[in-house]
Every structure is written in C-alpha cells, then in structure tokens.
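Chain naming follows the written order as A, B, C, D, E and F, and within any one chain the residues start at number 1.
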Amino acid sequence: MSTLHMVNKSPFETGTLSSCLKHCKAGDAVLLIEDGVYGAIDGSSISDQVKATVGDVALYVLDGDVSARGIDAGKMVSGTKSVGYDGFVDLVAEHDRTMSWL
Amino acid sequence: MKIGVVVNEGPYTHQAADSAYRFVKAALEKGHEVSRVFFYHDGVNVATRLTIPPQDERHIQKNWSALATEHGVDLVVCIAAAQRRGILDANEANRQGKDADNLAEGFRISGLGQLIEMGVQTDRLVVFGD
Amino acid sequence: MADTKKFLYVNRKAPYGTIYALESLEVVLIGAAFEQDVSLAFLDDGVFQLTKGQKTDGIGMKNFSATFRALGDYDVNKFYVEKESLEERGLTEADLQEITYEDENDDWAEKPSIRFVTRAEMADIMSEQDVVLSF
Amino acid sequence: MKIGVVVNEGPYTHQAADSAYRFVKAALEKGHEVSRVFFYHDGVNVATRLTIPPQDERHIQKNWSALATEHGVDLVVCIAAAQRRGILDANEANRQGKDADNLAEGFRISGLGQLIEMGVQTDRLVVFGD
Amino acid sequence: MSTLHMVNKSPFETGTLSSCLKHCKAGDAVLLIEDGVYGAIDGSSISDQVKATVGDVALYVLDGDVSARGIDAGKMVSGTKSVGYDGFVDLVAEHDRTMSWL
Amino acid sequence: MADTKKFLYVNRKAPYGTIYALESLEVVLIGAAFEQDVSLAFLDDGVFQLTKGQKTDGIGMKNFSATFRALGDYDVNKFYVEKESLEERGLTEADLQEITYEDENDDWAEKPSIRFVTRAEMADIMSEQDVVLSF
C-alpha cells in the first residue's frame, strides 16, 4: 500500500513540496509536475531536504515540464527519475492512491 | 483500470487544464478507462465555447471537447461552481432568465454528487489544480 | 457495505482569501449523503479554517465557519488537525472553535469532532485512504 | 488625487476583486478620483453578466457595474486576456463569428495601452491580484 | 520618498512576505491584506523576521480581513496598526508609490 | 519629456505553470510604444523566466522566452536580475540566456541587457520608480 504524491508548485514560492516530503512514508513516490519540477534542482535552498527524503521515497519529474523550463538533466538531484505522461499514468496505476498537494 | 480526473483551475491562467488533458490522453492510449472528468472551482471556465485564443496557441476547450466526441469521456461541470462564474447551458440560461449561454459541446452541467460518485466508482482519482 | 470507501478531504488553504475552503466544504456536505467513511484533514494553512470568532461583515463575504459545526449531524465527525501546523502559525488548540457530534454508538453522548494529531499521525491517516480529494 | 486600479483575478475564486471594489469605493468617498479600473489576467472574468451567485452572497459583477453607473468609473477589460478566457461584447462576438456574448453593463473591452495610459496619467497605481 | 508595500498572501504558504520585508527601506510601510494578515500573528514561525523589520518599517493590517479570519488583536505583533479601507486609501496617498507583492 | 515616468515591471513568478509571466511580457511589449523609462525586475521565481534552453514541445504551450531578446529593439534594455534569488534556486548567471541591445548613444555597440544586482540594490531600484506593475 503506497501513495503517489503530486506536487505542482515551485518549492521556492510555496511550502508545498516541503510539507509533502514531511508526510511521505517509505515506499511512497513523489511526482513533480508543472512548476513543481524546480524542486529537483540540486544545490538550491530546498535540495538538502529533498535529498534527505529520496531513497526511502522515489522522486520523479515530468520530462515535458522539465524541458519547458530549461532545466538541464545534469542539474538535478541524483536519483531523480524522469517520466513522460505515459510513465505518469503508470505511476498512478502502480500506487494505491494519488494525493495532489495543491 | 478506471481512472477519474478532477480539474480545479481555468484555462490558460494555470497549467492544470493542460496537464490534465495530456494525462487523460495518455491514460486512454494505455487502455485505461477514463469515464469522467469533473470540472470544479475555476475549472468550470474550461467549458466556455466563447474563448478565442491566439492562433499560435493551443485551444484548450476544443481539445477537451474532442476527447468527449472521440473517446466518450463524460465532461461534467459543477453547477454551483459554474453559476458563480457565469458558465451556463441553454436550459439554465432559460430557467435563470439570462439572455445568453456559453457551454461548449461535449460538456454537461451537473451536481457535486457526480464528483463523489466518480470517487466511489473509479480505482484511482487524480486531481489537477493550483 | 461493499462499496464504502475511505474518503479524505485535504484542507491546506486558508479561508476567504480564496474560495477553495468554502467550495471544499460544499463537496463535504454533498458527499455526506453518499454514506462513505469520511475524514477531513486540516494541515498547513487549512488549520485557519477552524479558528473561532470569524466575523466577515468587514469584507462582505459569507461567514461559513458555523457550517463545520453542522457536519456532525451528517456523520462527518473525524476532523484531524495537525499540531505542528498550529504551532508554526502561533495558534493553540484553544484558538479553534469547538465542534462536536453525538455518538449514536454511545447513547448519543456529545463528543469532540476535532482530533489533534502529530505530523507523523497525519501521514499515517493519509496512507490509509481509498480516495484523497484536495482543493 | 488620481488613483488607477488593476484587478488581476476573477470573481469569487480570489478575494482580489472584492478588495479592489472596497478600496475604490473608499477612495471615491474620500474625494479621490478613480478614473479607471483595468481588468487583466483572470480579472476579465469579473465582467461576465452570466454569473448567478447564491442569493446569500454578494454579486461582484453588479457591484462593479454600479460603480460605473453611479460614479462614472471607466471599467476596462483587456481584449487579449478576455479573448483567451471567453469574455466578449456583442461587436467582438459578431466579428469573431461567435453565437453569444457575455460582457456586462458598465464594462468596455479595449487594449493594454489603456493600462499603460492609466499608469502615466494617475498619481498612484494600486494592483490587486493573487 | 517612500513605498507602500502590499502583501495579500499567507506567509506560511508562500515566501512573499519574507521577500517583501527583505526589500523594504526605512520609512516604507507594509500593509497586510486578505490572507496576508496572518503575517501579523505573534509567536509564529515568521514573527521574528516581522519583528526585526517593524520599527524602521511601519506594519499595518486591514481590519476587515483580520476580523474575518478570527485573529484576536491581542495575538498580533506589537506595533501593528489596524486600518480600515479609508485608512488603506490614506496610506496609498501618503506614500509615493504602491507595490503589490503578488 | 514632461510626462515620462519610471515604470517598473516586477516579475516574481515562474513561466508556464501560470500565465502571469507571458501576459506580463505582453504588457511590456505594448508599453514600449509609450516611450516611458522602463525597467524589468526579476526576483524570486521570476528569475526562472530567463533560463536558457526552454523547449515547450512536451507541454504544448508556446515558448515565449525568445521574446525577451526582442525587447532591446524597443528600448527595453534594463533587466535587473537579483543574485540572491538565483543562488537560492541553484542557478548561476550562466544558466540564463544572453539578452543584448544596441546602444544608440555608443555607436550602436552591443551591450548586455541583463544587470545582476544584489537584493539591496534591487530594493534601491524599486524605491526609485514612479509606477510599479506586478503580475
């Protein structure tokens, strides 16, 4: 039994990603979409918190949103997995529930 | 798998309606059943047929309407949210004494019960919003 | 009942500045008729929805805070409020309104609907749901 | 003093249109001149005459229209933002081949130049948004 | 020459108030409206930053928004001044420009 | 010119997730015809508007990042970008696209439009304006 958490907001504008990470359980996954993908940038003011969670919790980014925002794959937190919309659908199916952090 | 989708934000202003559209298309292509999409909050604004986006931009309402026509997806607009924001079908306009209506093809107006019912009947529920 | 599901309504936004809190409450009211196993989560700015003493005359908007107190009559009586969210906002449990319900399994005794939980407990509650609705 | 006002969010969803309305009323009561209010982004959605808010809620569009009628405030809706969101007057509907229009009384549709002009001509500019 | 800064967002949801305070100059005023009024609550995770700024910078809250949200006057950061919409208008007139932190 | 005012467009929001960045740019383009003294401020998430290498095919939205490079032709060439905002976001100056203008007062020499400023300098710039437009 695991949860797919979706975060669509920049972690530098809102506390949404931070709150999400504090409510994840081992085996859960976090999918960053839209402005949420900024949360995967390494070397930022939030990246230490992200790195402390990743491992027990899988971190995904939606590739179209990453490319749109000009974020280089090399700039992302190590272990971040990139998926397309088809991978997004698989993640929804694989987890028991989806929770949107709006 | 049966997937239900909720759209909570209006077109163009937030990416939510775009993300949801791409998600639904991908789910259908993978053979999942997306029987219903429920439009709530400003999401009801997706359903107006009066938008005229610039020619080099995507037409969000028409994209959604095509999903209804081509895949039979039930596009439900919450009546209470729609009335607050000025989204009406011909029946409602008539009943409320309004001189115009603006609901686009493929969308229908109904109650919040349709959202709960979708939650009960689907295997997964995915919410797109702000 | 075979098709009873655990529904969680997640409230993370403050009232009045945006309509999400009010329209979320409208869903809870309608949803009550469906006889599902309903819980409400109040965390982050969502805890502000439950403050007592709200008076909206000065902004011309409808005060909907009393509606939370009516939910007990519809068997909606699990209000989980996150303690850490209160603390970060300078609030205590005493700053929230009292919300009660009558327990039909305990001779209609009046009991508090609000249950204060830690962040870890809130994470557990989230992980036990069938359907999570966020607004 | 000449004060210009910008409203960037739609009705009911965000408080911006309410706050701006109360600010404008207070400014007029104090004898200031509020010659124009410019509606941009989702703010254009304030201008639809098709809203039907619940009876116990304020009617945001009618509040604004009354300011135009009673105080001559020029309520300008950005044409580009309005077209994206489906806000049209009868002329535009006709020109664009749309079968309905929804602009409320007291509002007029015009270009972004009216926003810049307001910035140039007023002593203070106050922006309400999200 | 001074600026009236307007903040309408909760400081617990977004970084807007924090960013605003970092860009204030002595003699400026900050007016909290809508969900921004939560920024005036004392004893919160943001109140130290607020208190460090107030003094050089005047802090105002819009009273209607405070009452709507059930915030007791006694719970607010010391030195916070409460105004109505008429006071709001005066603040706009008294400062050379208004800047909205949206 | 008696009625030339100092206009500051404040950009604090990321592109694409919301429309504010795009519609703000539309105001700047129209405003350029009014011959005012225009500056653009990029701080907080607004700095993300200027990243290079944006490719929007995967989200079906219009890529408007090239439009910033056209603003120099309209005498809009003061792009103030806050250094602290970049750093907090894990960005460096090299992550932003190059934006230049031709200086008519210096034999049309090509010069950078982006000026990197500290937070304190940004506060100074804000305090010198006649009109501040935020989106």
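One rule holds for everything that comes next: a residue touches a chain if its C-beta (ideal position, glycine included) is under 8 Å from a C-beta of that chain, and two chains touch if they have at least 3 such contacts.
Keep in mind that what you see is a predicted model, and the values were worked out from it rather than measured.
Novice: Provide the labels of all chains in contact with chain B and in contact with chain D.
Specialist: Touching chain B and chain D alike, sorted by label: C, F.
Novice: Does C-E or E-F have the larger number of C-beta pairs in contact?
Specialist: C-E is joined by more C-beta pairs in contact.
Novice: So what angle, to the nearest 5 degrees, turns chain C so that its CA atoms land on those of chain F?
Specialist: Answer in degrees: 180, to the nearest 5.
Novice: Using each chain's Cα centroid, which is most distant from the centroid of chain E?
Specialist: Greatest centre separation from chain E goes to chain B.
Novice: Let me have the rounded angstrom distance from the C-alpha centre of chain A over to the C-alpha centre of chain B, please.
Specialist: 26
Novice: In whole angstrom, what separates the CA-based centres of chain A and chain C?
Specialist: About 27 Å separates the centre of chain A from that of chain C.
Novice: What whole-Å value do you get for the distance between chain B and chain E if each is reduced to the mean of its CA atoms?
Specialist: Distance between chain centres, rounded to whole Å: 38 Å.
Novice: If you average the CA atoms of chain C and of chain F, how many Å lie between those two points?
Specialist: Inter-chain centre distance comes to 43 Å.
Novice: Got the chain D residues that touch at least 2 other chains?
Specialist: Each of 8, 12-13, 15, 19, 22, 41, 57, 80, 125, 127, 129-130 in chain D touches at least two other chains.
Novice: Listing for chain E: what residues touch at least two other chains?
Specialist: 8-9, 12-13, 15, 34-35, 64, 84, 97-98, 100, 102 - these are the residues of chain E that touch more than one other chain.
Novice: For chain C, what residues touch not just one other chain but two or more?
Specialist: Those would be 13, 16-20, 44, 59, 61, 131-132, 134-135.
Novice: Could you run through all the chain pairs that touch each other?
Specialist: A-B, A-C, A-E, A-F, B-C, B-D, B-F, C-D, C-E, D-E, D-F, E-F
Novice: Under the definition above, what is the set of chain D residues touching chain E in their complex?
Specialist: Residues in contact with chain E: 1, 3, 8, 15-16, 19, 22-23, 25-27, 29-30, 32, 124-130.
Novice: Could you please specify the touching residues of chain A with respect to chain B in the complex?
Specialist: By the definition above, chain A touches chain B via 6, 8-9, 33-35, 64, 84-86, 88-90, 92-93, 97-98, 100, 102.
Novice: Per the contact definition, I'd like the list of chain A residues that touch chain F in the complex.
Specialist: 8-10, 12-13, 34-35, 38, 41-45, 47, 63-65, 67-72, 75, 84
Novice: In their complex, what parts of chain D are in touch with chain B?
Specialist: Those in contact with chain B are residues 10-13, 41-42, 45, 48-54, 57, 61, 80, 83-88, 93, 96, 98, 100-102.
Novice: Considering only the defined contacts, which chain B positions touch chain C in the complex?
Specialist: Against chain C, chain B makes touches at 6, 8, 40-41, 80-81, 111-113, 115-117, 119-120, 125, 127, 129.
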